[in-house]
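In what follows, structures are represented as structure tokens.
Below, chain A partners chain B and then partners chain C, in two separate complexes.
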Partner chain A sequence: MPVQLLDWEALEEFFTALKRRGFTLIGPQLQDGAIVYDQLEKPEDLPLGWQDVQDKGSYRLHQRDDEAAFGYVVGPHSWKRFLHPPSLRLWRAKRSESGFDLQEEALKDPKYAFIGVRACELSAIEIQNKVFLGGSYTDPHYRARRQGAFIVAVNCTQAGGNCFCASMGTGPKVETGFDLALTEVLAPSRHYFTVEVGSEQGAELLKEIPHQEASQQEIATAQQLVATAAGQMGRELDNSGLKEILYASYDHPRWDEIAERCLSCGNCTMVCPTCFCTTVEDVTDLSGQEAERLRHWDSCFSIDFSYIHGGSVRASGKARYRQWLTHKLASWIDQFGSSGCVGCGRCITWCPVGIDITAEATAIRNSQAVTGVKTKGTRHVQADH
Partner chain B sequence: MARLTNSPRFALDPMLPQRFVVERLWRETADTFTVKLEPVDKTADFAFAPGQFNMLYVFGVGEIPISISGDPADNTALLHTTRAVGTVTKAMSRLKPGDMLGLRGPFGSNWPVLEAGGHDIVLVTGGIGLAPLRPALYAILAQREKYGKVVLLYGARTPEDILYKKELARWRAHFDLEVHVTVDRATESWRGNVGVATTLIRRAPFDPQDAVAMICGPEVMMRFTTQELLRRGVDSSRIFVSLERNMKCAIGFCGHCQFGPQFVCKDGPVFALKRVEKLLNTWEV
Partner chain C sequence: MTRARKPKLAVWKFASCDGCQLSLLDCEDELLAIAGEVEIANFLEASRAVVKGPYDLSLVEGSITTPHDAKRIQQVRRASKTLVTIGACATAGGIQALRNFKDVQEFVSVVYAQPKYIDSLAKSTPIADHVFVDFELRGCPISKQQLLEVLSAFLYGRKPNTPASSVCLECKRRGTTCVMVAQGTACLGPVTQAGCGALCPAYNRGCYGCFGPMETPNTVSLAAWWQTELDASDLDLLRALRTFNAYAGPFRKESEAHDRKQ
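For the complex of A and B:
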């Protein structure tokens, strides 16, 4: 289907059409000084005219000199909080004559329509699909939420200070995995979106709202904006041979240096759109008659994470940072076939001490010769599935 | 290695336990016990391969991974031996016949019992590590003629901590099974070996060029044991270890059990040493 065009004024009807189909709209909005993802009612709820400025350990909002609805990059939230919720009850148990009865948790399909999913975030969803749906076991809760979701992607027309999706091959242009993909254009007298259709469902929905085919000129303008973003990346990461380098660097002195700065707070894992680790909590009511099992997001930075009788396996901060970075950029590739990093830069922005994953990976790469670590000859530590 | 994952009992939610009832629970040593379970749903089968584990849930207390320690050929007895050391195992040790438990499993990889046919077998174990190895030994003894020499080297802290004592004595009486036991600290009446299990390897009667070794014990013990076996000339592709890590889900979702690129719950717990050798000798992985 050729690229279509949607005027800003038609966005309200677009939202209405989604709601009519039973979708709950989730999208960006201004809350407590940040742009977060929450339930949307109308286009005016979008963070019109706001832009985020990001640096290491820094996130500030600034007023733009236009009314762009998607003029920011990414905030502290990611879509994982809706597909893989921070807390979820897995099941309940009730004491009975013979012991206890188990009650399965009903699967919820909240029918989310995600408005404003960036290219890096689509990649993150793709990565979590592999984690939760790609193995011999699948997570029924994730599946129900993912299958029901309608995805409205938005191309980035500018990159942020901590962005490096171009290095990770995940953006800034969205390629697949969406129902509709918008590119926002603010011409002097006109505010419009070019629209790419990515699914049957997307095409059906578009039929219900006023739109037209985009002209070559309009398409070219939108493409130019996305190309500009690609050239604005605030950071970069050289992925060539990085897995082998990191596998050979378990004893690298850089981990000690990072550990002196890292607070082990786990912010990076909470804001990361691909981090999937969880813990479980068993609770009972006061009478001890009813019990339930809850699942919560967890972080490999917590000391309890690796606890087995006798103590935590990763007792030191440096072992925990090494685990996180090595998992993200190296072992993830062996586990799920791609890097676990999509280059969104959240972990850099929301790190209270501004630790930069790209800088740390580069430092380890560049100091290999000094520490005598070789890139080759590490094949025996790779998984041979 | 054969895997028994994707069992039909997980058609719905792999996190939902099945209900089992304690048939019997008995003390093995001062701090270890064995619990024998039977399913509430009598049609449920609990076929498993030696080395696999289950997630056991005590109502309102929590769920933990415990290896299966019974005979894989006996589908009337589902046994788990563990040490009462944490909140869940302590609560479990107080269960009575008829009490209910939740169970998910079996999970994970298994000892290469079939693949090791035709070879000498060396089982090296320390402490409670004998429990996950016992199913392998049962399977090997059931088809004893298929193997060369079979040697069990077992180290316990003290003579009182020796697990499965009666069974060890019975095995020891076999003319085609070598059983060597050692203790870290002897008591006055002990007349056996003193020292760690690794010291038994040097003298153990097996052909290093041919033997398949299976090791289960504390990580530090496994580290030294593998070194000793390698020194005797056993190839690292024929040495197998069973690793232990924190686990919350056992199905590769919670992330807790990662060991480099491996998930201990689904890629392990039994690994060929070749695959984990470097990480096993790296600190805090």
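For the complex of A and C:
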């Protein structure tokens, strides 16, 4: 289907059409000094005229000189919190005369329509699809939520200070995995979106709202904006041979140096759109009649996470950071077939002490080049999570 | 569950404000269930009626600050099968441990008209410095939910779910935007143990460290960031670290480093 065009004024009808189909709209909005994802009612709820300025350990909102609805990059939230909720009850059990009755948690399909999913975020969802839906053991909760979701992607027309999707090959242009993909254009007298259709569902929805085919000029303008974003990346990461370099760097002195700064607070893993680890917690009530199993987001930075008989296998901060970075950028490739990093920069922004994954990986690469550490005979980090 | 007899619960107070014991009375909806499962044998905040020991579970609030209390905690330990300390006073010495950094006799001479009647120890210390403690429940005050969790875990012989990871994990799970990163507000969350549900950041305040140091607190790195990026002075750091958990090892050491630099 050729590229279509949607005027800003038609966005309200677009939202209404989604609601009519039973979707709950989730999208960007201003809350407590940040652009977060939450339930969205109308286009005016979008962060019109705001943009985020991000640096290591720093995020600030600034007023733009236009009324762009998607003029920011990514905030503290990711779609992970809707597809893979931070806390979930898995089952409940009630004591009975013969033992206990188990009641599994019903699968929920909240029918989310995600508004404003960026290219890096689509890649992150694609990665979590592999994690939760690939292999022999799949996650029915994730499946229900993912299958029911309608994805309205938005191409980035500018990049942020911690963005490096261009290095990871995950953006800034969305390629696949969406129902509709918008590119926002603010022409002098006109505010419009070019629209790419990515699915049957997307095409059907578009029929219900006023739109027209985009002209070559309009398409070119939108493409130019996305190309500009590609040239604005605040950071970069050289992925060539990175897996081998990291596997050979188990004893690299840089890990000790990072451990002096790393707080082991786990913020990087919480904000990462691909980090998927959880812990389960069994609780009983006071009367001993009921029990339940809860699942929460967990982090490889907590001691309990790697606790096995006899103690934690990653007792030092050094071991935990090394595990996280090596899994993300190296062993993830062996485990899931791609890097675990999509270049969104969240871990850099939301690290309370500004640790930069791109700088750390680069430091290890550069010092390896000098010392020429051999790959053979060094210990390899196991692909685990 | 049917038991031969209900376990006997005792609640003890040492140097403290009573706030943590009151968390037990605060369990309004669950209080009947608690009373249904345990015999509340000694809880002066709730009832003058005291059942003699020994006790199956003792909840101990407060720190040890007098020679008299140092002896009394030994008696409590002897009378208790399981002893759980509750709150920052009992687990870290409390706000009154601020005196540990000074000469308490100087305060006594200035504050009291008749200092000779005051029989105070030089330091306010946690219960675990005096007797074996089976479990420490952090917080100033403790969280009601965590208290219920500890009671349930005790009743059914399991480990309580009270993670020692950072407040940040709770903050991120509830979807709160980081006040330090987004607003430049000094926050102790990354070095503080979870348990409060990330209450203060949810109300746009930095964490005050009520639950004490988390399992692997890197206070040196956090303090350096506060100083270089948030313009915090040594005095700011000293004040932030010296509150309810001032005498907890990692907070104490870090505050002493900034005290020396002042």
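Here is the rule we use: the second predicted complex is superposed on the first by the 370 of 385 C-alpha atoms of A that agree within 3 Å, B and C clash if a C-alpha of one lies under 4 Å from a C-alpha of the other, contacts with A are read in each partner's own complex, and residues count from 1 in each chain.
In this text, contacts are C-beta pairs under 8 Å (C-beta built on N, C-alpha and C of every residue); 3 or more make two chains touch, one makes a residue touch a chain.
Because the structure is predicted, anything quoted here is derived from the model rather than measured.
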Touch check for A:V36: first (chain B), second (chain C), both, or neither?
second
With both complexes overlaid on chain A, does A:Q323 touch chain B (first), chain C (second), both or neither?
first
Just checking: does A:Q201 make contact with chain B only, chain C only, both, or neither of them? Give me first, second, both or neither.
neither
Per the contact definition in the header, classify A:T284: touching chain B only (first), chain C only (second), both, or neither.
both
Is A:S331 contacted by the first partner chain B, the second partner chain C, both or neither?
first
Would you check which partner chain A:S306 touches, where first means chain B only, second means chain C only, and both and neither mean what they say?
first
Considering only the contact definition stated at the top, list the common interface residues of chain A for chain B and chain C.
95, 282-284, 288, 298
Within their complex, chain A touches chain C through residues 31-34, 36, 57-60, 75-77, 81, 86-87, 95, 260-267, 270-271, 281-289, 296-299, 301-304, 317, 349-350, 352-354
With touch defined as at the start, can you tell me which chain C residues reach chain A in the complex?
1, 30, 33-34, 36-37, 148-149, 151-153, 155-156, 158, 161, 163-166, 168-169, 172-178, 180-184, 187, 189-191, 204, 214-218, 220-222, 224-225, 229
Chain B residues touching chain A - in the complex, by the definition given at the top:
3, 5-6, 10, 12-17, 19, 21, 40, 57, 59-63, 83, 85-86, 99-100, 102, 244-246, 248-249, 251-256, 258, 260-263, 266-267, 274-275, 277-279, 282-285
Going by the contact rule at the top, pick out the chain A residues touching chain B in the complex.
90-91, 93, 95, 98-100, 102, 104-105, 131-132, 135-140, 247, 250-251, 276-280, 282-284, 288, 291, 293, 295, 298, 300, 305-309, 313-316, 319, 323, 326-327, 330-331, 334-335, 378, 380-385
